[in-house]
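Order of writing sets the chain letters: A, B, C, D, E and F. Residues in each chain are counted from 1.
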Amino acid sequence: MNALNEPVFEVPYYQPTGQECELFEQAWKQHLPMLIKGPTGCGKTRFVAHMAARLKLPLFTVSCHDDLTAADLIGRHLITAGSTVWCDGPLTQAVRTGGICYLDEVVEARKDTTVVLHPLTDDRRILPIERTGEVLHAPDSFMLVVSYNPGYQHVLKTLKPSTRQRFVAMSFDFPPPEVEIGVVQQESGVSAEVAQRLVGLATSLRRLQGYDLEESVSTRLLVYAAKLMAAGMPPRMACLAALVEPLSDESDTIAALQSIVDTQFPA
Amino acid sequence: MNALNEPVFEVPYYQPTGQECELFEQAWKQHLPMLIKGPTGCGKTRFVAHMAARLKLPLFTVSCHDDLTAADLIGRHLITAGSTVWCDGPLTQAVRTGGICYLDEVVEARKDTTVVLHPLTDDRRILPIERTGEVLHAPDSFMLVVSYNPGYQHVLKTLKPSTRQRFVAMSFDFPPPEVEIGVVQQESGVSAEVAQRLVGLATSLRRLQGYDLEESVSTRLLVYAAKLMAAGMPPRMACLAALVEPLSDESDTIAALQSIVDTQFPA
Amino acid sequence: MNALNEPVFEVPYYQPTGQECELFEQAWKQHLPMLIKGPTGCGKTRFVAHMAARLKLPLFTVSCHDDLTAADLIGRHLITAGSTVWCDGPLTQAVRTGGICYLDEVVEARKDTTVVLHPLTDDRRILPIERTGEVLHAPDSFMLVVSYNPGYQHVLKTLKPSTRQRFVAMSFDFPPPEVEIGVVQQESGVSAEVAQRLVGLATSLRRLQGYDLEESVSTRLLVYAAKLMAAGMPPRMACLAALVEPLSDESDTIAALQSIVDTQFPA
Amino acid sequence: MNALNEPVFEVPYYQPTGQECELFEQAWKQHLPMLIKGPTGCGKTRFVAHMAARLKLPLFTVSCHDDLTAADLIGRHLITAGSTVWCDGPLTQAVRTGGICYLDEVVEARKDTTVVLHPLTDDRRILPIERTGEVLHAPDSFMLVVSYNPGYQHVLKTLKPSTRQRFVAMSFDFPPPEVEIGVVQQESGVSAEVAQRLVGLATSLRRLQGYDLEESVSTRLLVYAAKLMAAGMPPRMACLAALVEPLSDESDTIAALQSIVDTQFPA
Amino acid sequence: MNALNEPVFEVPYYQPTGQECELFEQAWKQHLPMLIKGPTGCGKTRFVAHMAARLKLPLFTVSCHDDLTAADLIGRHLITAGSTVWCDGPLTQAVRTGGICYLDEVVEARKDTTVVLHPLTDDRRILPIERTGEVLHAPDSFMLVVSYNPGYQHVLKTLKPSTRQRFVAMSFDFPPPEVEIGVVQQESGVSAEVAQRLVGLATSLRRLQGYDLEESVSTRLLVYAAKLMAAGMPPRMACLAALVEPLSDESDTIAALQSIVDTQFPA
Amino acid sequence: MNALNEPVFEVPYYQPTGQECELFEQAWKQHLPMLIKGPTGCGKTRFVAHMAARLKLPLFTVSCHDDLTAADLIGRHLITAGSTVWCDGPLTQAVRTGGICYLDEVVEARKDTTVVLHPLTDDRRILPIERTGEVLHAPDSFMLVVSYNPGYQHVLKTLKPSTRQRFVAMSFDFPPPEVEIGVVQQESGVSAEVAQRLVGLATSLRRLQGYDLEESVSTRLLVYAAKLMAAGMPPRMACLAALVEPLSDESDTIAALQSIVDTQFPA
């Protein structure tokens, strides 16, 4: 479990691609919880960090996984050297401080987590902490945000309708080329021309998804490739390491992907 | 587990659609436990809260889940900093105070919970608390209410006939349009005309259930959309976020739903 | 786990339908354990309570479930506030006091429970309590009774032949009409004529079992309907809530059942 | 777990049907462990008790089950009120006292039990007790006996060849009629003529095994029926309760079995 | 778990059938771990005991099973009466004393055991003990030996290639007749002529493996039969108990096997 | 779990086969985590040890397995004799000291480990330690390296795309012949001619992979064979023990492999 209080001193760079900022802000003002759907590495986490900073709210991020339980979110008594202390989980911290709690890949969490989300997502907006006997009332500034990747759901892992229908929702996708070029430049320091070529390559690679690849190249991987190039690595070697090898283990597929790289970055 | 003692200071708004209030009250007077069946977000929880307030009874709500055990309902000794204290679970609290214990989505709970429900649901009306050696006799005002959604039952999760036949039962559905319009207005503050359009849209969307959608739009989601509109958001954007995106991840389905939105809220 | 010592001050009403009382009494006199088979709500629990009272024996009832272990039956050391105390389970209490231990739906219990039943069900009639080092010899008046519902057995849950062949067995079914009419009257206070109609309705509904219904209407549900009628509720509404809704979630089936109700209780 | 030290003051009645007593005694003298195979209720447990008494050895019987672990056999530290004490399990007790440890239905036990059996069943004949640091050397008089029912093995539950090949083995079956008649008389007190009829009935019923019945009537059930008759119960009623109902839940099968009863005990 | 320090005072009898002793000794000298493959009861355990004694090394044998964990091999803090003491597991003992640790049927162990084997089986030859903070460096005389039976592997239980490729390996089989005759004589005291007949019988029985039998008769079972004969038991009865019944539960197969016995030991 | 701090005093021998050293060093300088893919025993672990020594970084190696949890990586409070002490896991040690943490066969680990890897693999580069309340910021010199074998992935065990896309990746394979010959000589001390023959044999054996063998002969096994030869063992016997027996249990396959050995090392 990952309890993570990130005091944000500057607003992380985020280039909107639609009205997602307005919707987020309205949902926050109306005390509605929010569900963000989208593929790996398209910027969901960055977007939430950006909004938290813009709204001047502390952010508590939890990467959900198969063994994440309600206690991981709420907190527990820890037996440490010599004494027992109560330790708030990230959800409790977010409620206490009136911040944003962001549950990344929420469908991975165990089902008993839904029970702590339900009373926080209807008009009660409370968090009962059974173990200490407290019932926390979420301040107006508290917001619950969850996300998942619809293209990578397990058969046995979906959000129950009774949970899902408690959220306002929006879909994310990779940013449009002009936006993504800016992101790659901003994060890696490569030239506009190199960034443009990388995004062009990404567009070609993304067309293959569903045919040969489970997922396609994310903006994060583009930034990785750009960083390696900015450090002086030959473009083909950087693309192989950062864009091709992370996507497939099949030698045929790797060769095909690398030949697409060659069209953008000829030897 | 969610132990939740809600002192109710005012009767929550509830618009009956049949004789459900009379049946609930008679079951309560005859000491019969009640089972409520119905889809997500149709108002079961609100109805129970309404009846509890009308009957001036404390209400203890438990959202059941895969890991909910008998101890979660009855209580346990908690090891806190420096001492050990017994902590009543919500069922025990309801029995002690003669209130209503409401187990939402009871089929999700683990099977050992049935053993604590059985002696409370026949003419013994007792709750044995093994761990403290107590046997509580439920006062006349105590009532056990359980609910589940018949349209979303797991294959492996049903109420055993031997448990189910211990309850008086009733079916809930979405309220008729004239009632739902009132609910949407009451909860969000939109005009009667907007509420009417939203309910008309809901009626259109609900016709699709079973074809393209696992569940359809709930009254709760209508209220979400209405709240966003009341805050000044354009209707199409509000409907997309609150009615369409929460129902599906498929881009084809989302487009089809949004085109239905367009008929009620043209651009 | 449900440890339940019920001091019985009066003999609960029970109307025999055959020689079940004689067989039970002979098995008790011969120190033979007894297995009772029969559908939900046909009166097995009431019968055992009746016999325990007639034989002036304390009765310890345990509703078995998936997580019931040997320790739940025998007892355990409980860590309570400040000290550790041994707490007899219901089986141990029954052996110590020479009473009847009744394990309802025994096939639901975990398999390690069989190990405590075996030495009590052959000529040794002993209960070894490993944790305290005691070996209890069951007094002559002790009797072990188990039950299950043959119509609702899980594929993976049956009594092993090596356990089953340790019991004298009998089959229960719903009582014949003239007996059931008396039970309904006795328990609810309705007139003989209403009780007769209800039992007639039950007979019609029970014919459907195996076709549309997993189980059919029990005597307990008849009493529920009768109680609601005795409190002034219209018969059709009482039958819908107590006889029809508890049996099915399918709207077609509910309508079919309700039309059978109409023939006995026309509007 | 069932730790059970039975000081045997008299030799239990056992009627040999072959050279099983000689084989058992030779295996004991040669320090070879023994495996007994046979159906439920055919007398395996009685035979072991008989041999233990004849050889003047203490007997420790363990009914194995799905959750039986090595610690259940060897022993554990028990946390009791105020102190911690080591408590020998039945296998350890048998080794310490040089008695017989009898593991009934050994295939049911968990696999970590085999690790404690292996060093006891080869020429080392030792029992290491990890928790106390002891290594017990089995005295010459110690013997390990295990049994199972080949007709009722789970697919996933068999004795591994590496365990099985450590035992001398023999097969048991129901005793021949003349022996079984004697047993029934001896145990119940009925006349020779009634015992003969009961054994004749058993022979008829056993022919049905494999066709309609998973297992057939055991000697134990014959004794049950005889006891009920000896107490004055009509033979047909005694046979229904003790021989027919324990074998089947199917009404057709029960009727067929009861018609066979009628041929031996006409109304 | 079976921690077993066997101080070996004399070299156990072992008759080599090839160059297995040379290979074992070279592997030990080169600090290479060894994997021994072979059927049940063919002498793997005896061979390892023989080599340990010849090389004058202490031997620690562990029979692996489904629940064997890394802690069982390394050791743990034991809570005993009044105090907590660290207790070395058999692997740790072997490393500390520079002996041989022999994991019998290693494929049965849980997967977390591989993590303690890996750093001991490459050129690091270390055993980190997380719980005490120690890192033990294996002395030159330490050797790890594992074995399994390729003919009895579970589908889900194989040695991962990444573990398997860390061992020098050899295959064992039953000894050739002239060797096995010597073993049987040596262990049981029967005459050379009886030993010869028994080994001839074993050869006939082993030809049936794969047709009717999961495994065939081991040398250990031959010794059992010989011991019973040496004690005066008729050969056919001894062979039935020690060679036939341990191999099959099917009456047809048992009769076929016994008829093969008759050819070697006619009545 | 294997916490293993290896102070490296000399740079382990590693012969590069491409630009893997440059890529590793650039990834380390750019603070990018690295994923290494490749078959068993091809030198991944040695490569990481080599790079750690070259970069003068402490190395913490963890062999992942089915039961490896987040606590195994991060650390836990250990209850030792008389006191409770916090013990850093290998990942925490690597972060504190600014070293390399290498998770070998990361796909084997339990899913809750991903949650501790995620915040270390994006631009936050932090390790929250819930149990002690610490949040460690990874120093610039910290690097996370993971590996797995694409040819031996379980169906249920793959790296989630959301985890995988956080790493720069490269593929390893067995070294080319001239390099491998040098490795074999360096590690075992055999002559160049013997090393050449062994590598020629490996090339022949590796062509069989996918036909008869799950995996083929690794460089490590070649070194084993060479060590045995260097100690004087006949080449055919050394190859059988070190190259053939570890690869297969099938006697046909073993004979075929050994006949290939004969072509390189004729008798």
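We take it that contacts are C-beta pairs under 8 Å (C-beta built on N, C-alpha and C of every residue); 3 or more make two chains touch, one makes a residue touch a chain.
What you are looking at is a predicted structure, and each value in this text was computed from that prediction instead of being measured.
> How many links in the shortest chain of touching chains run from chain A to chain F?
1
> Looking at C-alpha means, what's the farthest chain from chain A?
Farthest chain from chain A, going by C-alpha centroids: D.
> Interface overlap for chain D and chain E, more than half of numbers shared or less than half: same or different?
Different, since under half the interface numbering is common to both chains.
> I'd like the Å distance between the centres of chain C and chain D, where a centre is the mean of that chain's Cα atoms.
One centre to the other, that is 31 Å.
> When the centre of a chain is set as the mean of its C-alpha atoms, what distance in Å lies between chain D and chain F?
53
> Of all the residues in chain E, which ones touch at least 2 other chains?
As it turns out, chain E has no residue touching two or more other chains.
> Going by the contact rule at the top, pick out the chain E residues touching chain F in the complex.
So the residues of chain E in touch with chain F come to 19, 22-23, 26-27, 29-30, 32, 35, 37, 69-70, 77, 83-86, 110-112, 114-116, 118-119, 122, 124, 126, 128, 130-133, 135, 150, 160-162, 164-171.
> In their complex, what parts of chain E are in touch with chain D?
Chain E reaches chain D through residues 1-6, 40-41, 45, 61-68, 78-82, 87, 105, 108, 149, 152, 214-215, 218, 220-221, 224, 227-228, 231, 233, 237, 240-242, 245-246, 249, 254.
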